[in-house]
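A, B, C and D are the chain letters, set down in written order, and residue numbers restart from 1 in every chain.
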Amino acid sequence: MLPDLPAPELVAQLRTMLRIRRFEEALIGLAADHEIGHFHVYVGQEATGVPALALLEDGDVAYTTHRNHGHLIARGVSPAGMAAEILGKATGLNRGKGGTLHLASAAHGFPTTSSSVGGPLPIAVGSAFAFQELGLDRVSVALFGDGALEEGAWHESINIAAMRRAPVIFLCENNSLEALGQKANEYPSSTLAAVRLTDLVDPFGVPAVALDGTDTRAVHEAMAAAVARARSGGGPSFIEARTVRWPGNRPLWPQLLTGETDVAYAWDPERIPVEHEKWWARQDGLLRFLRELLGAGLLTPGDASAIDTQARAEMAGAMTFALQSPFPRPEEALEHVFA
Amino acid sequence: MSTLRFIDAIRNGLDIEMRRDPSVVVLGEDVTYGGPFGATKGLAEAHGSRIRDTPISEATVVGLAVGAAVSGLRPVVEIMYIDFITLAMDQLVNHGAKLRYMTNGLLRAPMVIRAQGGARGSMGAHHSQSLEAWFGHLPGMTVVAPSTPADAQGLLQAAIRSDDPVLYLEHRGLYWQKGEVPDEDDRVVVPIGKAIVRRPGSDLTIVSWSHMMGAALDAADGLAGDGIEAEVIDLRSLLPFDMDTLLASVGRTGRLVVAHEAVTRGGMGAEIAAQVQERAWAELAAPVARVGAPFVPPPFAPELERAFVRDADAIIAAARHVLDTPARGGTPTPSPEPVEA
Amino acid sequence: MLERMWLIRAFEERASEMYARNQIAGLLHLGIGQEAVAVGLASALEPRDRTFGGHRAHAHALARGADPTRLLAEIAGRSTGYCGGKGGSMHISAPEVGFVTATGVVGGNIPLALGAALAATYSGDGSVTAVTFGDGAGQTGSFHESLNIASLWGLPILFVCENNGYAEFSPLSAHTRVERLARHAETYGIPAVTVDGNDAAAVLGAAQVGVARARAGGGPTFIEALTYRLRGHYEGDPGKYRELTEVTDWKLRDPITRFVADQGLEADTAELEDRARAAVDAATEAALAAPRASPDQLLSQVTAAVSQ
Amino acid sequence: MSSPDTSTTAPSPSPDGSSRLSYAEGMALGLREALASDPTVRLMGQYFFGLTPWRRLTVDIRERFPDRVWDPPIAEIGYVGTGIGAAISGLRPIVDVATASFLFQPFSQVVNEAANIHYMTGGQTRVPMVIHVNHGIRGGGAAQHSHSPQAMIWNTPGIKVMTPSSARDVRGLLRTAVEDDNPVFWADHVKLFDHIDEVPDTEERIPFGVAEVKRAGTDVTIVGTSLMVRRALEAADMLATDGISAEVVDPRTLVPFDTEAVLASVGRTGRLVIVDECHQSCGVGAEIAARVAEHAFDALRAPIRRVATADVPIPFGRPMEEFVEPTTAKVVAAVRSLLG
């Protein structure tokens, strides 16, 4: 279902989702013939990240993990700067020192990224703590996967957030349905004994909701309520957005197992290849959002193709910029240890 | 003898000890699947429930292993990246390493922590550290770091048979290197605390361990080109380390270079240099030179990572400095290593 | 059971006196008022079962049958102590009676207990492991990770939380909105029960259910015993943070007077108390007479072979 | 633990504008001045003075700054991480982990997160915070309440380290630490709390990386940190009666470390003893010894001696504890072994 937003904003969200999708696909293409180390892609979760982060304002902060490309693009970070950083170039966001696991853009409200599971959770609570103390009407968002709920850091963070009624939102993107290493569709998942993830939150009296991560209206409404609660001093919230893991994310290194996305799948189902029919037809949140926009007459296939073409061009440009950027001088390794 | 990759020698070592001793169990994230590098691939089929996947809860999994060790098991815990051992420090430092001492021997904790590290493949600051020095500072702990497939297998077997907690350090840069490994019958367990001279020499001694041994041997070859014979020692065991072999060598050569991948400051090299200077003061013709990473977190970019990890050239430069230093009383040439603030 | 409760009471009161006379050094956390939980739990266990204590663990060691002489010697830093004077009050250990170890780190012992329970699943000795901790441990990460793993693997373990309402100096309510830690256990599908920690019989009953479940392979049980410690968090703590009325109210519910009344043991209680105090006097004499821990013992038992 | 006369709270001013304060009062003064001078400063945790009678000084601070002191639950990963996030977003928290042995719980937050953030973000984000611990052998602390982890922290790039040894130094260094935009690890020794020193009444900020020669001498240099500076001074007094002139150098901070000052002193005396309470292997002494040997090899007339805690967990029993720790007598013996 579509969020209750004016058409231009919805179309803008679609544009952002397509830009994220094309960025990730271009990156996978690049990785095929360039040694760029281990990285993770956000394919299939755009319909969660884009509507959720669209509700944040300047000054709000978000702490994400290793699967962060989509989050940063969703808040306006330059894909060229990100691609350069992923390749370790001097023009990268972190000047080559962080790479994909630590992509950061303080100006866009991403102070740092930690790749230690559960690591960023208490830090997100810390920012919320500071906003309270400084009387700032801001929100802190912790973005993490279901794996982080097995770490002690999670338990200590939700407890402190609840105690202080801190303006922090715990957005858990649970992509473990049919995931690697766990029996498909089996709850409790083999590494978490709780029957439902939201059960973990109930003892603390923190409002918790579980929803389908591809339903943009549900994401929008849950996040809007959480942001309002935080800004009004109502304290923290927990949102579990469930998505099916994109088949290409199964192997250790992401691969285009399903082939590149074809926006036409949204209005011409026959083009969908049989092999991954389930994914394209029912599990990809981006295509679902596109189908709903077309159904509501807010967009024509022509508009969609135009937006898609622009996105492809932008991301090709970003990759070229990254490839052509210079590596940092080795001596730069000694800089920025201390402020 | 058979030729095995380093990673396969580790699996071999685990498999042999599990067949020999039913109390040996393997715990870790995705270990039944084989782990990210395949060290435990196939063991689940052979040993069933003695290979156990754990949730991502490093602190409790290590604590649990200590409790199991105290209760008659010999657990081998895999920590996927040594960077994440920081989450389990309390259980290791305050319980694992101390239970025997605090109870005056009533309890003992025979366990092995396998951890993989090192700056390789641009994985950034949370996946590329070398942290052995912390554990060199921890009484009650044993630390080993093999550099060849044979030692990987032999030291792992020795670690599992040890009655104390052992940190078994692996370097992913070594995983795919091949080497000779003794077969079933003439298999010898590599003793903990014993170094080995990989290359005899008379002009100076170079000591190192794990992945850095490659650079040390390359440096020795480079020096040989200029008629300088460097003796290269593979420490293999960092705590306890084989002081006798080291002193014997320094006694002959009078000059020592210590090379490791970790940052120089507070690294194992500092302890080795301090002890050698305390005990072989008269024999030393020059100060012990230390070659380690600059005092920065591991950077991501390939160029920066290469600058971060010291190579054969850096060891050769240190060797030259140590050789150029005139016998006592002369004016010392400035050390290539910057005086760090 | 009453005899063991009196032994604990006498032992802890003597330890308090010795601390005041500087005969015991370091930090001392006493369990006066928590005897019912220790004895109730221990009475449900068999010799093959194991107990892990927290930093307030004398009562649990004595309840399992630890020798008061060797225990007092350890607390007083004597070489005849269980750990040769190396452990002290927070690190007592009496494995021969099933008391494995205490710990100085809040919640630090819970993962250890999981390991012992795991060992039992492999050895098949049918043993059960009990781990005791205060409500302060409820907010630590290892508490959450441990409940998760114990439930996932169905480990034969009893989590016994002595909820005395205070974590060090601040009331539990200052540290979490969760009044009953049992709530966390239920989240992980672990059967939980809350009992009056001053009623030894009630604790025994709950413990027996847990032990039976564990022995039958039914996995962990969480017992929350609501109790009250009549001394400060540690010896020397003025305890001003608790209103005095609250302290006197609890004194009325002293677990020993409660047990005597419930079980109709008025006739025997005086005699058992005297016997307990005599045993503690003997233990004190022996401990104070024993040689202090000697430095030459210092370097032993660091590792199997002494490291550099 | 001796119970000092804590009745006098107001510092007794003396003519030249300084007061005689205990180390604990110097700490409290620094904390009060930091809180007063900058509204974004916060205290997280309340065991700055451990369980000593000086604990009442935190009650005094809480009364003056009621909304600036937070008492977190016993969840070190949680509240150290909270401190980091708060520092990133505009506060300057001083986070107290209390007994140094408890640092190992939030060790990943300290060494993986706080230390790396500025570097791995290419300088975009700063983490202006202070992490405090009470370190060292305190008497009966046994193996889990007697740690001195500063050597391990010193091995971690991205964190500054201060180990003050006097009331004046702790007040002055604390003011600098709070205003520094990087994470600073501050280790106090519980046994320092009772030591009395002159502390200037006017606000003083002591720069990091500047050592202080606490006592001049010509025959030998003794480098000490934290409580060990006191023991080095006691040793120097005893040696003076035998006509041996010992120079005591207090680096005051380990990161940045004033190597030049140590090299200069060793250049004059030609002999060096380092006394530090960390375990000997890979301890603070090992790094200083290796570094001095590398750069002052020819000035040395004898091997460098290290006096540190023996490589054993800290035993509970008092006589064994004393046998383990670096005592004044051991410092004197080490100096004599160089001059013998």
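General remarks:
The criterion applied here is as follows: contacts are C-beta pairs under 8 Å (C-beta built on N, C-alpha and C of every residue); 3 or more make two chains touch, one makes a residue touch a chain.
Computed from a prediction, not measured in an experiment: that's the story for all the values here.
Should one ask which of A-C and A-B has more C-beta pairs in contact, the pair is A-B.
A separation of 47 Å divides the Cα centre of chain A from that of chain C. Rounded to whole angstrom units, the spacing between the C-alpha centres of chain A and chain B is 38. Each chain gets one centre point, the mean of its Cα atoms, and the points for chain B and chain D are 31 Å apart.
If you average the Cα atoms of chain B and of chain C, the two centres end up 40 Å apart. Residue positions of chain B with contacts to 2 or more other chains are 54-55, 57, 59-60, 83-84, 87, 90, 94, 101-102, 124-126, 139-140, 239, 295-297, 299-300. In chain A, the positions touching at least two other chains are 92, 94, 96-98, 102, 114, 116, 150-153, 155-156, 159, 163, 190-192, 337.
Within chain C, contacts with two or more other chains are made by residues 83, 86-87, 91, 103-105, 108, 139-142, 145, 148, 152, 175-176, 297, 302, 307-308. In terms of inter-chain touching, the protein chains here all touch one another pairwise.
Those residues of chain B whose C-beta lies close enough to touch chain C in the complex are 22-23, 25, 50, 52, 54-55, 57, 59-73, 75, 90-91, 94-95, 99-108, 139-140, 142, 162-164, 193, 239-241, 243, 275. Touching chain D in their complex are the following residues of chain C: 25-27, 77-79, 83, 85-88, 90-91, 103-108, 136-137, 139-141, 167-168, 170, 174-176, 234, 236-237, 292-295, 297-299, 302, 307-308. Touching chain A in their complex are the following residues of chain C: 139-145, 147-148, 151-152, 175-178, 183-184, 187-190. Here chain A touches chain B in the complex through residues 35-38, 85, 88-89, 92, 94, 96-99, 101-102, 114-118, 147-148, 150-152, 180-181, 190-192, 252, 327-328, 330-334, 337, going by the rule given at the top. By the touch criterion given at the top, residues 51, 71-75, 77-78, 101-102, 105, 139-145, 281, 310-313, 315-320, 322-324 of chain D touch chain C in their complex.
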